[in-house]
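Inspection log for the structure reproduced underneath, given as structure tokens.
Order as written gives the chain letters A, B, C, D, E and F; numbering starts at 1 within each chain.
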Amino acid sequence: MSHAFYVYLSYGIAGLIILALIGWVWLDGRARQAELKVLEASGMRRRSAAAKAEGAGQ
Amino acid sequence: MNDTSLAISKFSDLANPTRFLALVARVLPWFACLTAALFAVGLYLSFTTEGDYQQGETVRIMYVHVPAAWLSMMCYSVMALSAIGTLVWRHPLADVSHKAAAPLGAAFTLIALITGSLWGKPMWGTWWVWDARLTSVFVLFLMYLGLIALNRSMDDASKAARVSSVLILVGFVNIPIIKFSVEWWNTLHQPASVIRLDGPTIDPEFLWPLLIMAVAFTMLFFTLHLMAMRNEIWRRRIATQRRMAARMAGREASP
Amino acid sequence: MIALFFRDLKLSVRAGGGALIGVLFFMTVVAVIPFGVGPDLNLLSRIGPAIVWIGALLAALLGLDRLFQADRDDGSLDLVLMQETPLVLTVFVKCLAHWTATSLPLVIASPLLGLFMNMDEVAIGAVMLTLLVGSPAITFIGAAGAAVAVALPRGGLLVSILVLPLAIPVLIFGVSASYAAVQEPAPFMPPFLFLIAITLFFAVIGPLAAALALRNASD
Amino acid sequence: MRLTAEKLAARRGEDLIFFDISFELHAGEAMVLTGRNGSGKSTLLRVVAGLLRPDRGKVEFRFRDGEESRPAHEVSQYLGHRNAMKQELTVRENLVFWRDFLGDAEGERGLSVEEAAEAVGLGSITHLPYGYLSAGQQRRFAMAKLIVAYRPVWILDEPTAALDTSADEMFAGLVHAHLARGGIAIAATHQPLGLRGAKTLVMRGFEYHEAEEVL
Amino acid sequence: MIALFFRDLKLSVRAGGGALIGVLFFMTVVAVIPFGVGPDLNLLSRIGPAIVWIGALLAALLGLDRLFQADRDDGSLDLVLMQETPLVLTVFVKCLAHWTATSLPLVIASPLLGLFMNMDEVAIGAVMLTLLVGSPAITFIGAAGAAVAVALPRGGLLVSILVLPLAIPVLIFGVSASYAAVQEPAPFMPPFLFLIAITLFFAVIGPLAAALALRNASD
Amino acid sequence: MRLTAEKLAARRGEDLIFFDISFELHAGEAMVLTGRNGSGKSTLLRVVAGLLRPDRGKVEFRFRDGEESRPAHEVSQYLGHRNAMKQELTVRENLVFWRDFLGDAEGERGLSVEEAAEAVGLGSITHLPYGYLSAGQQRRFAMAKLIVAYRPVWILDEPTAALDTSADEMFAGLVHAHLARGGIAIAATHQPLGLRGAKTLVMRGFEYHEAEEVL
């Protein structure tokens, strides 16, 4: 096989792995942000409730 | 009084990661742009420079292989530094840092392994030999995977961080072995020609694209590392908030 | 029963870190070999099948001895013993779960390792096939040993005398079938069929013996 | 429906621990085993649960008015000194496993995992790994196991060890509900369990005497 | 400390059957290899030292993951962690006991296996000597892995994966010293001294890392 | 000689279990920890025993009139939920091991194994393997461990779980003898321990209050 084949294959595979890596980190971040939003939407109420409960406990 | 001191200390606990998140948000776009630009220049150079008289076209594999190989070791060093941070200062950011770096390191090691064997086929006539350099890199790859597996199999994040930092530090012996394997054992693999005490011995024709690609890879690593750390911090916040919610629900149910 | 299967699977995956672990383990073992025998590719490809089989045996041994001990220590074994479902079946299912969690990944990963060991395609196929067929036998034998370990607080010695010698025939037929597939004069089928027979035999005997030991063990 | 033990004797190793123990329990009755340490309470319970072979005598469970007889251990749930739950799994996974594995006795319905967790007063933490719980919380969930898979006979070995006072009441409530449904319960204990109308059997090593019903 | 040594020794002999299972596994490995390389006695004796070393390395893994887990499960580890005696020393003594119970028998059995592999006397002596000197290093590294396993509910394969890569240098120098003793030009001393150095190095690093991990894993 | 805990706070996983707990115990004093299941008793004891790093605060042991200070865990014996004895060894082997391994605190003498076995009321069975004992007998021998190797501070987590009533008295006797000798004891419990003049600390999860000396 020609040398060019090896060159392009290695660039290709390296590119693929890097793209997969970037994609994974990116998507992971998106998913976490979405979860955080959901929690924030319901979480504000909980946190204040928690503070109240603690305040009442003292 | 108790309440306020608790609140403040908890706030300062969060302060570091919070400040870190703000910082990341600020620098990340710049890092990303810089990385892209460096890759553009690096790739352009690596395809336009002359081939080697000995190795012909395949020398271009070097521009991917060598930076990836360097990064695989640098990433481990970053993890080792973070591990010290975890064990000595017990800094939560250090925990996050080495946990986030492990998959990145594994990926770069994989690239070095694959491009290396793709280079080996035309140069040495075989995909793989069990020589010291190649095997020690393979061992590095296994160690990355082992650390990932270890981290995944414990769900107390801070304990997992502390325990795996011990292993990271013990495993650090492998890095000098990789670096100097070509000198300690005579192997098929190229001896170092760039990073050496008496200056690079490589032709500047190849040096420039190599260096630019190396910087590009390094920037890529740091960009991804920052992003992965940010993800990890978010993940922990979510877990904490969920647990808090569950606890409070329990409190209300059974007063 | 299905619940038991999945619980055991979950336990070994959760605690050990997943199916990845088996493959990783195997790769580590194989990576160690060339350091010993040297990078001679020819030699490597010759001992390849033997190494892969030894790796499988080792993987089965690591953790197998705790198959019932873990359940005894937390009291689950008592509840399991009280069930109406025949105990043999329960033991069989536990063996299957253990095999799925530790040996199956090895079977699946074996082609990869064959490549590392520079084996040719036929040899790789043969090793994979023999592993698939033969490795359950090791698990079943091991289960009997594990049950004895629970039964006798000081049964440790007995276990090793019981399990390994019984496992050797499996190993030998597995390895020789793999070689027969590659080396010309030797026929592949006879040792392979023998391997199947051994596995079937132990699939019955192993759980039976284990169930018997467990019944007499409980106190 | 009744559980009968006839002239039971049992050995541990070579030593005879007790002999000639008989009792009979009808639907809705409970029995409390007491006695000093090492007097054989756990041994008796393990014999009833079928985990130890009695040296002599037998334990039987008859139902449909004595027509049908089954070995007692097949209709029992046993809660021993150890909780039979896996540290590595979450509480829910543990309970779901036991529900699926044990199944319900015929024609009966155990509670759902959530209801059972509520019943032991820990409704909100079924998602935690079992190993993360305190000793008392672990014991409570081991009790929850009793109600996710229904069995008419409960065999309980020091059920309230590690429980706080509010949990003691919770436990008595569980047992009373079980008895009201026609169940049977045997419990070994050193502390008062607060069971109304339970029989008492005092283990004395080689002797025993069956006390009258106490409050 | 001496009390700890003898207790651990007693436990592994009484409960685990430690010594025997290691030796049996070792013999199994050595028995299976000839099937791979065929009846070529010359070749066998050539790869003999490597096989014996690999067998010893793998056998050392059996049971290693439970080194601290057993103590954790019954609460002894808590008391040990509370002591004034430096934890490193305690770990060191535990390692020694484990080595005596499992690896020493291997060292003693190795001449027998050398005969199986048709090795000559010098080679057998060299293998035995290198094993004696090198195998403690494996135990010490393993201790670090075992300490990590304390944080895990179950160890098993994961521990071996973490330990094996680190054990590779030991294997390399052990094997090359054994070969050097037989093959003329190569000098025996340098790799042998290196092996000693590695063992000493790990005798310090291993217990240190294990102590560190134990301190951090306890909860 | 005194044990001081200052503003302790501890986490389990990520969750804060308690904070701002302080107490001081002088030679001859005992403290009883109570509170509902999961309120953090065991966690506090593990912090005092040095097995868990406190999130904030510190525990210290001062003696020779405050001149010398040592980390508390080095002068303590800890008896947790688990007994720290090996099933495979006999009782005597177990006890001898702990005596040799732990050693005595300076200038003090623990009892011999036989005397200790007598003291917990089980003098005649030290030759049995530990795994052959009943739950209560195992717990008693775990206590015998406390007196074969003398340490001034005893940290006890539900010491009387699984003990019968006569053993409860035996236990109270042991602790009183220890206190009379100038020792210190901290015990978590759900049952009355019968300790005269012990302080009480009620764990409330996030709050706490230190009650007066109770009988």
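In this text, a contact is a pair of C-beta atoms (placed from the backbone, for glycine too) under 8 Å apart; a residue touches a chain by one contact, two chains touch by 3 or more.
Quick caveat: nothing in here was measured; it's all calculated off a predicted structure.
> Indicate the lowest number of steps between chain C and chain D, counting one step per move to a touching chain.
The distance in steps between these two chains is 1.
> What is the size of the turn, to the nearest 5°, that moves the C-alpha atoms of chain D onto the matching ones in chain F?
For the C-alpha superposition of chain D onto chain F, the angle is 180 degrees.
> Could you work out which chain's C-alpha centre is the most distant one from the centre of chain B?
Computed centres place D farthest from chain B.
> For which pair of chains is the number of C-beta contacts greatest?
Here the largest contact count links C-E.
> Could you tell me the distance, in whole angstrom, between the mean C-alpha positions of chain E and chain F?
38
> Round to the nearest whole Å and give the separation of the Cα centres of chain D and chain E.
Here the centre of chain E sits 47 Å away from the centre of chain D.
> Whole-Å distance, chain C centre to chain E centre, using C-alpha means?
Averaging C-alpha atoms per chain gives centres 23 Å apart.
> What are the residues of chain B that contact at least two other chains?
2, 135, 139, 142, 145-146, 149-150, 153, 156, 244, 247
> Among the residues of chain E, which are close enough to touch at least two other chains?
As it turns out, chain E has residues touching two or more other chains at 14-15, 73, 152-154, 158, 161, 165, 168, 219.
> Can you list the residues of chain F that touch 2 or more other chains?
12-13, 81, 87-88
> Quick one: which bits of chain D touch chain E in the complex? Just the residue numbers, please.
Residues 87-88, 131.
> Which stretch or stretches of chain E touch chain D in the complex?
153-154
> Which chain A residues qualify as touching chain B in the complex?
Listed in rising order, the residues are 1, 3-4, 6-7, 9-11, 13-14, 17-18, 20-22, 24-26, 28-29, 32-33, 35-36, 39, 43, 46-47, 49-50, 53-55, 58.
> Under the definition above, what is the set of chain C residues touching chain D in their complex?
1-4, 7, 10-11, 14-15, 73-76, 78-84, 218-219
> Okay, in this complex, where on chain C does chain E touch?
Residues of chain C touching chain E: 11-12, 14-17, 21-22, 24-25, 28-29, 31-33, 35-38, 43, 46-51, 53-54, 57-59, 61-63, 66, 70, 73, 102, 153-161, 164-165, 167-168, 171-172, 175-176, 179.
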